[in-house]
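Below are two complexes that have subunit A in common, paired first with subunit B and then with subunit C.
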Partner chain A sequence: MIRVDAVPIEPADWESSVPERARRKGWKYGHLTIRRAEGGKRLLEALLLNLDNGSAEIASTPIIDGGSKFSSVTSAIPAAHWAEQAVGDLWGLHASGHPRWKSLILHEAWPPDKFPFAVSADGPPSPRESKFLTVGGQGVHEIPVGPIHAGIIEPGHFRFSCIGEIVANLDIRLGYVHRGVEARLAAVPLRHARHVAESASSDSAVANALAHAQALEDLWGLEGPKRAAAVRTVALEIERVANHFGDLGALASDIGFALGAATFGRLRGAALGFGQTLSGTRFQRGFVCPGGLAWEVGDAQLRLLTQSLSELKPAAADACEILFENPGVQERLEGVGILKPSLADEFGMVGPTARASGSPYDARCHFAHALFPGLAVDVATETAGDAFARAEVRRKEVFSSLRLIEEVLAALPQGGSLVKTPETLPPSKTAIGIVEAWRGELIHWITTDEQGKISRYAIRDPSFQNWTGVAIAVRGNLVMDFPLINKSFNLSYSGSDL
Partner chain B sequence: MLTALLHAARQKHATDAVDFPDLPEGVGGLPRLTTEPCLGEACGRCVNVCPTGAIQLSGDPENPDVSLDRGLCVTCGACIAGCPTQTIVADPSTKSAVIHREELVLYSKPTETKPIAALDGVKALGPFRRSVDVRVVSTGCNATDLEVAATANAIFDCSRFGIHFVASPRFADVLLVTGPVGRAMQKPLVSCFEAMADPRVVIAVGTCAISGGVHRGGYADANGVMPHLEVHAFVPGCPPHPWSIVHGILIATRSKATNANHSPQHGRG
Partner chain C sequence: MSLAIHIVLLIALPLLLSCVIRKTKALMQGRPGPPLFQPIFDLVKRFRKGETVSSTASWIFRANPLVGLSIALVVAMVVPWTGAEPLARGSGTADLILIVYLLAMARFFSLLAALDTGSAFGGLGASREAALAVLIEPSILVSLSAVALASGTMDLSVALQSPVRGTVALLSGSAFLLAALAELSRMPVDDPTTHLELTMIHEATILENSGRNLALIETTVALRTAVFFGVGVQILLGKALRSPDNAIVSAASSAAAILMLGCLLGVLEGIAVKLNWRRVPSFVAFSTALAVMSAFVAAVGA
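What follows is the complex of A and B.
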């Protein structure tokens, strides 16, 4: 259960008060967005997280009727800069004082008067501005890349400003896979919502299903069975292991180290096989649901899982030796794409990206989800902030996750895995689900209206924070190292675009 | 380097020994309909749980016909888990790709449907002979992208079948599309197709690419590939199994039933 306190703030104080609250010791910024309150009024809300006691607070202030602006906090909390731009695109509001105002998610392909969350009673929207940051000076040239990429990855546009072969600036334009996930989540019948939640970023199906389930369970004030919490932990860690293997293999492939790519490719296959054994499918779709698990896990499956785990561990150790002890690999990854700890912190990086730049933050140590924070996690950190450090954090996390899975499976509680959940939600309440997904802190933030309908469903994917890290890390590097740097972050486009 | 080679030598053969193996027992695949009598409106569980409206009951309420559209199915498993009569069960087959959209709709009672396109071994038929170059355009499903990429790994090793992924549409035979094709990807997708030379085929991989899946009918206009390009093969699943993706590429380019010989048009609707 994550306690959420409401903190109303006067519009005039917003700009000073929110940064002050976010900077208190033990607190961090979570997300910022708008919701519609009683009578159609718009409320600007900032979610702040207390790491000391695993609780949260929501600072809120009204947008004046007919208004088309709010005060930006980005200068004081740079981590909020994309969230404020997203508000611009979706609600037609302008963040006054935002240092780099432009559209983020909706651009030329969208009619200029389309603001998905705005209604005519809100008054005239503030127009969108689609543009790229241009870099002036002698010899500066631009390289546009995308939205379709050369490899088998999601679409997005990268605009490089280069001096010779050195990147001076990278402007990232996403939004190409905006599907309207948040609006859909508030519109579908509650029993179908979990499938939409999983599709927010379908390579993180367990994490999204879990954040969704935790938030709903908090709204109802109910707790799922112990066994479900334990199996959810195993499911989440399997997802982490499979994807970290995939990332390490992709890094090997990007530097032309075919043996590493092949070895990690098959390990990823083995880890997906665990997911299949546990839940029935490789990506564990439809398995974690509000109230527990959609179906039971039998003893035979658990035995098979424990046995395959013991076979995987030595294979994983071998694979890591092949990759990390290879001088060629070290040479290619070290010193490339450095993200300094101070910048990682200011821009609110999360997950392995943050931990490779010295941050000790891992949501599993602070916020209630599955068996966490009761189950102790070895937090993997590095300080170099380069591609090698990001790989190293993943390596450490693979082994700590495998240990966690073994530990949980060895002491799996007996009993059922599902409690019955009510068909409706309590009125006028807010709850958040926070999960340490394999890419980092994932937030699902749900508010209900007076009728108990979901009035706002906001998702803050870890990638939404971390894309800025890619733009920072690539500066001063060779253009041709960009694919490698990008791969060392491996962020989600669909999770960001929603 | 020596250690690496030693490790490599220790790794055994990873590639699946059988092509298109059935999924193991207990594994949830796409749903399949059996002839077990359904309880009808009195039950209706599957219709109620299905997040995309893929299942319909019709005909005699006492003894209804069940139909299930795999083109809408996001493989959530809820109908399979809830059906008390085993009218809906998990399909272990990984040969789930089809040539025509209608073939994705299953009926509990035998109806006159087109025969499912058979894959004629690995014989080289059609204009592509034994080898095809595939250009992947993702429009927003990273799970399917991962499974498409997985077809090239040591386990599935699609290059054995003459399938290669290429970085440009200029030298591609196949346009493989994943994701629901929301508003901002519609133009880039069509221009990628236009950059390809004839003969060329389009494959919609994953339920989102086929119909938009859970995103269908929303404000982002994300209803799959069909409103924008003619599609030659459909691979259902959310995400589809890598073997099913290989199956889709092969039937689109090698099956007798494929219509890859004539140049496709836009905007089939």
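What follows is the complex of A and C.
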């Protein structure tokens, strides 16, 4: 259960008060968005997280009727710069004082008068601006890449400004997979919502389903069965292991190391197989649901899982030796795509990216989800902030996750895995679900109106924070190393575009 | 008779070599890989497909594959890379300088064609390939010159078939093969199987080619690979492979050696890591140093 306190703030104080509250010791910035309160009023809200006691507070201030502006906090909290741009796109508002104002997800390809969340009573929307940062000077040339890529990956446009083979600046434009997930979540019947929530970024199906379930359970004030919590932990860690294997394999393939790519590809397949053993589907979709688990896990499956786990561990250790002990691999990964700890912290990096740049933050140690924070997690940190550090963090996390899975499976509580959940939600309440997904801190933030309907469902995918890290890390590197640097972050395009 | 063998090998070996490389690479990664002859099936498929040509492309783009293939065929016909007797042996047609710069002309056209489409990747690839060509040229030229020096003739059709001292053969042969890896855009300099445009060298220059156009280029690449490997094998092992009175035996042993080299490349591509672009010059410098040493030995020891 994550306690959420409301902190109303006067519009005039917003710019000074929010950064002040976010900078208190033990607190961090979570997300920033707008919701529609009673009577159609727009409320600007900032979610701040308290790491010391695993609680949260929501600072809110009204947007003046007919207004098309709000004051930006980006100069003081750089981590909020994308969130403010997204608000601009979706609500037709301008963040005054934002150091680099431009549209984020609804760019030129979208109709210029389309503001999905704006209504006519809000007054005239503030027009969007789409522009790339241009780099001047002799010999600077631009390389446009995407949105359609050669591999089977998500669409995104990358605009490089280069001096010879060196990247001077990278502008990232996402927004090619905008599906209106947040709006859909507030519209669909509650029993269908979990399937939509999972699709926010389907490679993190368990994490999204879990954050969704935790938030709804908090709204109801309900606690799922112990067995469900334990199995959810296993499901979440399996997802982490499978994706980390996939990432390490992709890193190997990006430096042309075919042996490493094939080896880790096989391991990823094995880890996805665990997902199938546990939940019946390789990506574990539809498994975690509000109230517990959608179906029971039998003892035979659990025995099979424990057995295949013990077979995977030595194989994983061998594979890591092939990759990490190879001098060629070390040479290609070390010192490439450095994200300095100070910048990682300022721009609010989360997950393995943050931990590779020295941050000790892991949501599993602070916020209630599944068996966490009751379960001891070895937080994997590195300080170099380069591609090698990000790979190293993943390697460490694979083994600590495997250990966690074994630990949880060894002491799995008996009993049912599902409690009955109410048909409706309590009115005028707010709850958040925070999960350490394999990419990092994932937030589902639900607010209900007076009728007990979801009035705003906001999702803060870890990728939404970390994309800025890619743009920073690639500066001054070889253009040729960009795919490698990008893969060392491996962010979700769809998760940042809801 | 010997010329007929040369022509048969010229047609069969390049295709077979690409099959062997691909299969070995797959086996090295611990997977069965596609059927052995898949590269040939792919080539046939591409020859039967239509092509898409950028609207900004001029005649150079269409002519490039034909220029490349013609030059590769001429070189393959006159250079005794198969161990059998090439066309016009001893007539001076296979002059060292002529051959090296014929290949350079083919590259010149491929770079122009890459720039021709106006795609950002074409320009990127062309600039990288040009930089690489500048690095490789001395190594290829000097290693072949060492053989010419040792055998007393600039005509490759004679030089490659005359007995050369072991030290010169070893040094110039290894220098030539190392440079060939870079020249042919193979690992560890370039990853021919990558789909990541930004990391490509050679592949970036042919991204806009499709269908028949692409099939011609791939045929050329296969032919060039076989010729370079063949020349390397002749320099390194020529003495051992030649059997003076039986053309079939010398050709068969040369072909076997070329395919073995293909297996070696497959193994290398399976386990190697692509070099950082900044380290490529030192890789080529290593080959150049070997070439210079071989030329020194050939000049002093002759």
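Just so it is clear, the second predicted complex is superposed on the first by the 498 of 498 C-alpha atoms of A that agree within 3 Å, B and C clash if a C-alpha of one lies under 4 Å from a C-alpha of the other, contacts with A are read in each partner's own complex, and residues count from 1 in each chain.
The rule is short, and it goes like this: contacts are C-beta pairs under 8 Å (C-beta built on N, C-alpha and C of every residue); 3 or more make two chains touch, one makes a residue touch a chain.
Computed from a prediction, not measured in an experiment: that's the story for all the values here.
> Let me test your reading of the model: by the given contact rule, A:Glu165 touches which partner, first (subunit B), second (subunit C), both or neither?
So A:Glu165 only meets subunit C here.
> Is A:Ser428 contacted by the first partner subunit B, the second partner subunit C, both or neither?
neither
> Once chain A of both complexes is superposed, is A:Phe482 in touch with subunit B (first), subunit C (second), both, or neither?
second
> Looking at A:Asn326, would you say it contacts subunit B, subunit C, both, or neither? Reply first, second, both or neither.
After superposing on A, A:Asn326 lies in contact with both subunit B and subunit C.
> Let me test your reading of the model: by the given contact rule, A:Ala150 touches which partner, first (subunit B), second (subunit C), both or neither?
It touches subunit B and subunit C both.
> Using the touch definition from the top, say if A:Arg285 reaches subunit B (first), subunit C (second), both or neither.
Only subunit B is touched by A:Arg285; subunit C is not.
> On the A-aligned overlay, A:Ser75 touches which partner chain: subunit B = first, subunit C = second, or both, or neither?
In the superposed model, A:Ser75 contacts neither subunit B nor subunit C.
> What is the contact status of A:Ala258 with respect to subunit B (first) and subunit C (second): first, second, both, or neither?
A:Ala258 sits against subunit C, while subunit B stays out of touch.
> State whether subunit B or subunit C is in contact with more residues of subunit A in the superposed arrangement.
B
> Please identify the positions on subunit A that touch both subunit B and subunit C, taking each partner from its own complex.
150-151, 259, 262-263, 266, 326
> Per the contact definition, I'd like the list of subunit A residues that touch subunit B in the complex.
Of all residues in subunit A, those touching subunit B are 106-107, 109-110, 114, 116, 147-148, 150-155, 175-181, 183-184, 188, 191-192, 195-196, 199, 201-203, 205, 246, 259, 262-263, 265-266, 268-269, 276, 280-283, 285-287, 294-295, 301, 318-319, 321-322, 325-326, 492-494, 497.
> Contact residues on subunit B for subunit A in the complex?
1, 3-4, 7-8, 10-11, 14, 24, 26-29, 48-49, 51-52, 74-78, 81, 90, 136-150, 153-155, 165, 167-168, 179-180, 182-188, 192, 208, 213-215, 218-220, 222, 238-239, 241
> Within the complex, which stretch of subunit A touches subunit C?
Residues 142-145, 150-151, 165, 253-259, 261-263, 266, 326, 328-329, 331-332, 478-484.
> Can you tell me which positions in subunit C touch subunit A when the two form their complex?
It is residues 25, 28-31, 120-121, 124, 128, 187-188, 191, 193-199, 269-279 of subunit C that touch subunit A.
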